[in-house]
Amino acid sequence: MSTVVELQSVHKRFGNNHVLRGVSFAVRRGEVVAIIGKSGSGKSTALRCINRLEQIDEGQISVCSHAVHADGLDLRTLRRDVGIVFQSYNLFPHLTVLQNITLGPTAVKRMPAAQANTLAQDVLTRVGLSDKAQAYPEQLSGGQQQRVAIARSLAMQPQLMLFDEVTSALDPELTGEVLKVMEQMAAEGMTMILVTHEMGFARRVADQVIFMHQGQVWEQGGPDILDQPATAELRQFVGTGL
Amino acid sequence: DQLDTILAAKKLRVAIDLAVPPYSMKDDKLKLIGSDVETAQLMARDFGLELEVIPTTLTNRVPYLQTNKADVVVSAFSITPERAKVIDFSVPYAPILVVVGAPKGMKIDSPADLAGKKVIATRGTTNDQELTKVAPPSATITRFDDDATSMTAMVSGQAEVWVTSPMLLQVVNEKNPARNIESKFTLKANLLAVGLRKGETRLKDKIDHWVRENLRNGQLNAIYRKYHHAELPPDILAAGR
Amino acid sequence: MSHEQFLSLLQGAWGTLLLSTLTLTLGAVLGLSLALARVSPRRAVRRLASGWMQLIQGTPLLVLMGVCFYGPALLGVGTVEALPAATSAMVIYASAFLGDIWRGCIQAVHKSQWEAAECIGLTRWQRMRMIVLPQALRMATPPTVGFAVQVIKNTSVASLVIGFAELSYNAKVLNNSTFQPFLYFGGAALLYFAMCYPLSRWSRVLERKLHVHRG
Amino acid sequence: MHYQFDFSSVAAHWPLLLQGAWTTVQLSFVATLLGFMLGASCAVASGSRHRWLRALVAGYIEVIRNTPLLIQCYFLIFGLSSVGATLPIMTGAVLALVINIGAYTCEIVRAGIESIHHGQIEAGQCLGLSPLQVLWHVVLQPAVERVWPALTGQFVLMMLASSILSSVGAEELLGVANRVQSDTFRNFEVFLVLWVVYLVLSWLMRAGFWLLGQLVFTRRRKLGTPL
Amino acid sequence: MSTVVELQSVHKRFGNNHVLRGVSFAVRRGEVVAIIGKSGSGKSTALRCINRLEQIDEGQISVCSHAVHADGLDLRTLRRDVGIVFQSYNLFPHLTVLQNITLGPTAVKRMPAAQANTLAQDVLTRVGLSDKAQAYPEQLSGGQQQRVAIARSLAMQPQLMLFDEVTSALDPELTGEVLKVMEQMAAEGMTMILVTHEMGFARRVADQVIFMHQGQVWEQGGPDILDQPATAELRQFVGTGL
């Protein structure tokens, strides 16, 4: 399997706050990677650096053979290849579900409207929301909104999907809905990096678990590291849940 | 009765627009001067009253009388039949000419020649009314709220024809000699009078009497000569006899 | 511009400031009452207040001036001087707008704050006074200061109808006697700017502070 | 004193008043259209990376917001013609209104833009939208929808304030009314008529803005909730 | 033990939405009741009816011998007896922690300022925040704000405390802080009704668990019903969590 994402000793500072302190890891095609760690350990920042929502200070990142932090990078082609879903959904509130999903294909890929609509219906069906195409985001529950956000990313047919705590704003039942969609995507072979607090889910779907601590990859390995942590920090982190 | 009220208050409230040169204006030291101002001063002095100048605007002269904000109006107030329906006028104390002013080269001898021209006038004055009556439809009339703005429009070249008093045409030439404005023809000769509320016959009689007296003794003529550099015409003086 | 003429402009500016200050203080009192009436539990009071505000907000200030200046005499109540007439027109105008601004701020205080206050047993008036108004006030400062700028500029309308001697009026009188519009109106513009700009600036600074507060 | 109201002579002038009201409507319409475009462009420019552009917009806004409309008209209409660029009065009047309302629109639209959550912009970027596409689809449309009520209020105020333009020669509603006053000396009647006409105009304008809003903002029409 | 709260076939509609459909339950003095259920099942509404933040349409509620929905009820005496804490804290942002707490006692109970301050220090100590009296809410973490909200209610010395998902806005670590305070209150004998998603906590402290479903009390009993659900709905609800 080829490498889709590679971070090499990435450093990132916000002013004096040294948030990423030499982060390196690699993700192969079709792999599902779960990033876990305490609040403030730099998980989101790492994710955001991967599709260049943040600039890095040192190190290198390559994604689908784009040198992400090179000067000449064409940001738009990078973003066609990388989809990202946020905790707060970030759906466009003034557009219907359908318009949210077709916006990318029509405006970026210049897809004809009819084709984009078919595509949108297709991804909506995949996330189990084919009947909500004409609804507006505020008419949907949190779980449904999150699934639309996933559908919106999927419609761009990315090679890599990033998920940043996509379920932490949801109650257990809605969380279940969203996790099911993600599990199915994983089964279909999508390459995924997910920041998550759902240890159970990480155990079940992740091929690789990365535990971040103080801006570093502190421990890394198969999901079994959650059950046999090598470091005291991971042991404590896994222990805090109820 | 208005006259009794005035005498009791020992004060004559005269409404004047403070900026209609040369009838009323402020000099460099901000002293109020002008022919109407001196007329009002003379009248108050002769009546043995203190003069209180109530600043007004041309469009507000009638309402000021109607709502009793002033006792009389002495402010370039021409006698017209329309006005006479709602207020009373004294005997006229001075004339005012409505002339059409335009650059030297322009051929304008009659209202018909205004066709297609940009003509300006000050809104709400008799100038405006006379112009509106006679102007051909193809003339574009633009109206401003006061003479100063009309003047600015003339000086800055916004318009080429101005319906106004001869004095103001001179001022345009002083400001901008290149415009070379001259008086083309007289549209109307109006009579200026003191305006007062309808039905105040005792006050009107007193003022009429005062105007006749001062036309006869030459005081009003002196004031007119000082600001307009001309003598009062015979028809006005005839009223004094 | 002679010394006296410049002084006359300054005097006009003083008239403008005087009228603005009167307008804002009296308008604030009336505006607050209107704002409170707009959030009253009684439907009739709310309707009345909102009808009144819409009426005023749909009327040019010029017309309000006319009504306040001539109205009393027409109704046979007697004449009013220029300053009281101008002040009342401006106060009516300002209170409608301030009332609207403040109603918005009161309603922007989150409903949960009302509930929390209710749950510890505060009376309606205590809730308004101790919980809602202090928070609304903080939000209201920038738009209120911004509106003060409008008031200062709009006092110029007072001279158009009433002949109240404020800055535009004095500039106009000077110009009408001397015919140097750019000199006098330019001077007036500078004075207006000098009065308004600090307020605009201040309102903006306040606004920024508020956003920082909200995080 | 008791004044006898008599509207007959004012009524006789109704074609003139109607024509004045029509001029006011036209003035306001053109100024609204152009002023909105100017204001929205300035709002976008004020978020520009170029320092000089931001400074230019800031200067424009401060000068306009802190001086009276009347003086602005004066300088625009007579100032320009003094240096030889004579505009027709009505063109000058519209231009003055546009420049004036543009500054206020800019402030309002900018507030709308600032209210758009940064996450929205990031989401647009992450879809691969170009900066212009993000601006149009993700920022401007919801921003304008959100500040639509504020814009409505501001434009109605502008329509009311356009009465000032009669002083610089525009023959709009107030100017015509002043002429009717000096023809009939029925000042109070004219004032009352004027009041009613302005009320109706501002009501019509609000209704127009509401309708336009319903037409353009589909979400609002369907859900009826503010964004 | 005497009955502190009693609901008798309470109905509540929001327009056409029939939210409570005949809810009845009773709470005795000193008891801790946990209400659980899916989003939208009417848990918050039930709680809000108990201290009359909402009016009910049918049925009866009595709290500490107040007939809550009688017309002549003196709302203020009811609210002295009932404290409520919300998910979103709802502290008054313009007042310090101390002022937040003393406001009720001084303004409602007309307690002298000195006495109110002593009381406030006392309750602050109970929630472990005696050093934060002079801070403003925005200077505190979420868990601290939530504890101040609890202290504010405690200062009114209520007979009954209502908690509406007080921990769901908090991360696991902060949740722990707040739960500890609530556990201690339970141990001290406070009568409490809590709407919660924390099944572990419900198991540990609740004397009675009420499972609401579609506006009705669907299942009710000791905490053991969580382990042996009688209905399919509760089984599914308990099963969705990870």
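Each chain carries a letter (A, B, C, D and E) given by its place in the written order, and its residues are counted from 1.
One rule holds for everything that comes next: contacts are C-beta pairs under 8 Å (C-beta built on N, C-alpha and C of every residue); 3 or more make two chains touch, one makes a residue touch a chain.
What you see is a predicted model; the values in this text were computed from it and never measured.
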Worksheet, complete the sentence: Check: interface with higher C-beta contact count, C-D vs B-C, is C-D
Fill in: Rounded Å distance between chain D and chain E, as computed from the means of their C-alpha atoms
52
Worksheet item: If you average the CA atoms of chain B and of chain D, how many Å lie between those two points?
Response: 38
Worksheet item: In whole angstrom, how far does the Cα centroid of chain B sit from the Cα centroid of chain E?
Response: 82
Worksheet entry | Residues of chain B touching at least two other chains | 60, 63, 66-68, 145, 149, 152, 155
Discussion item. Where in chain C do residues touch two or more of the other chains?
Written reply: 70, 73-74, 160, 181
Fill in: For chain D, residues contacting two or more additional chains
1, 3, 78-79, 82, 167, 187-188
Response to the item:
Inter-chain touches occur between A-D, A-E, B-C, B-D, C-D, C-E
Practice prompt. Please name which positions on chain B make contact with chain C in the complex.
Written response: 18-21, 25-30, 55-57, 60, 63, 66-69, 145-149, 151-152, 155, 171, 175
Fill in: chain A-facing residues of chain E, complex
38-39, 168, 171-173, 176, 197-198, 200-201, 237, 240-242
Worksheet entry | chain C-touching residues of chain E, taken from the complex the two chains share | 51, 53, 75-76, 79-80, 82-84, 86, 88, 90-94, 103-104, 107-108, 138, 152-153, 156
Worksheet item: Contact residues on chain C for chain B in the complex?
Response: 2, 4-5, 8, 69-70, 73-74, 79, 160-161, 163, 165, 172-177, 179, 181
Worksheet item: For chain B, which residues are in contact with chain D within the complex?
Response: 59-60, 62-63, 66-68, 82-83, 85-87, 120, 123-125, 128-129, 132, 142-145, 149, 152-153, 155-158
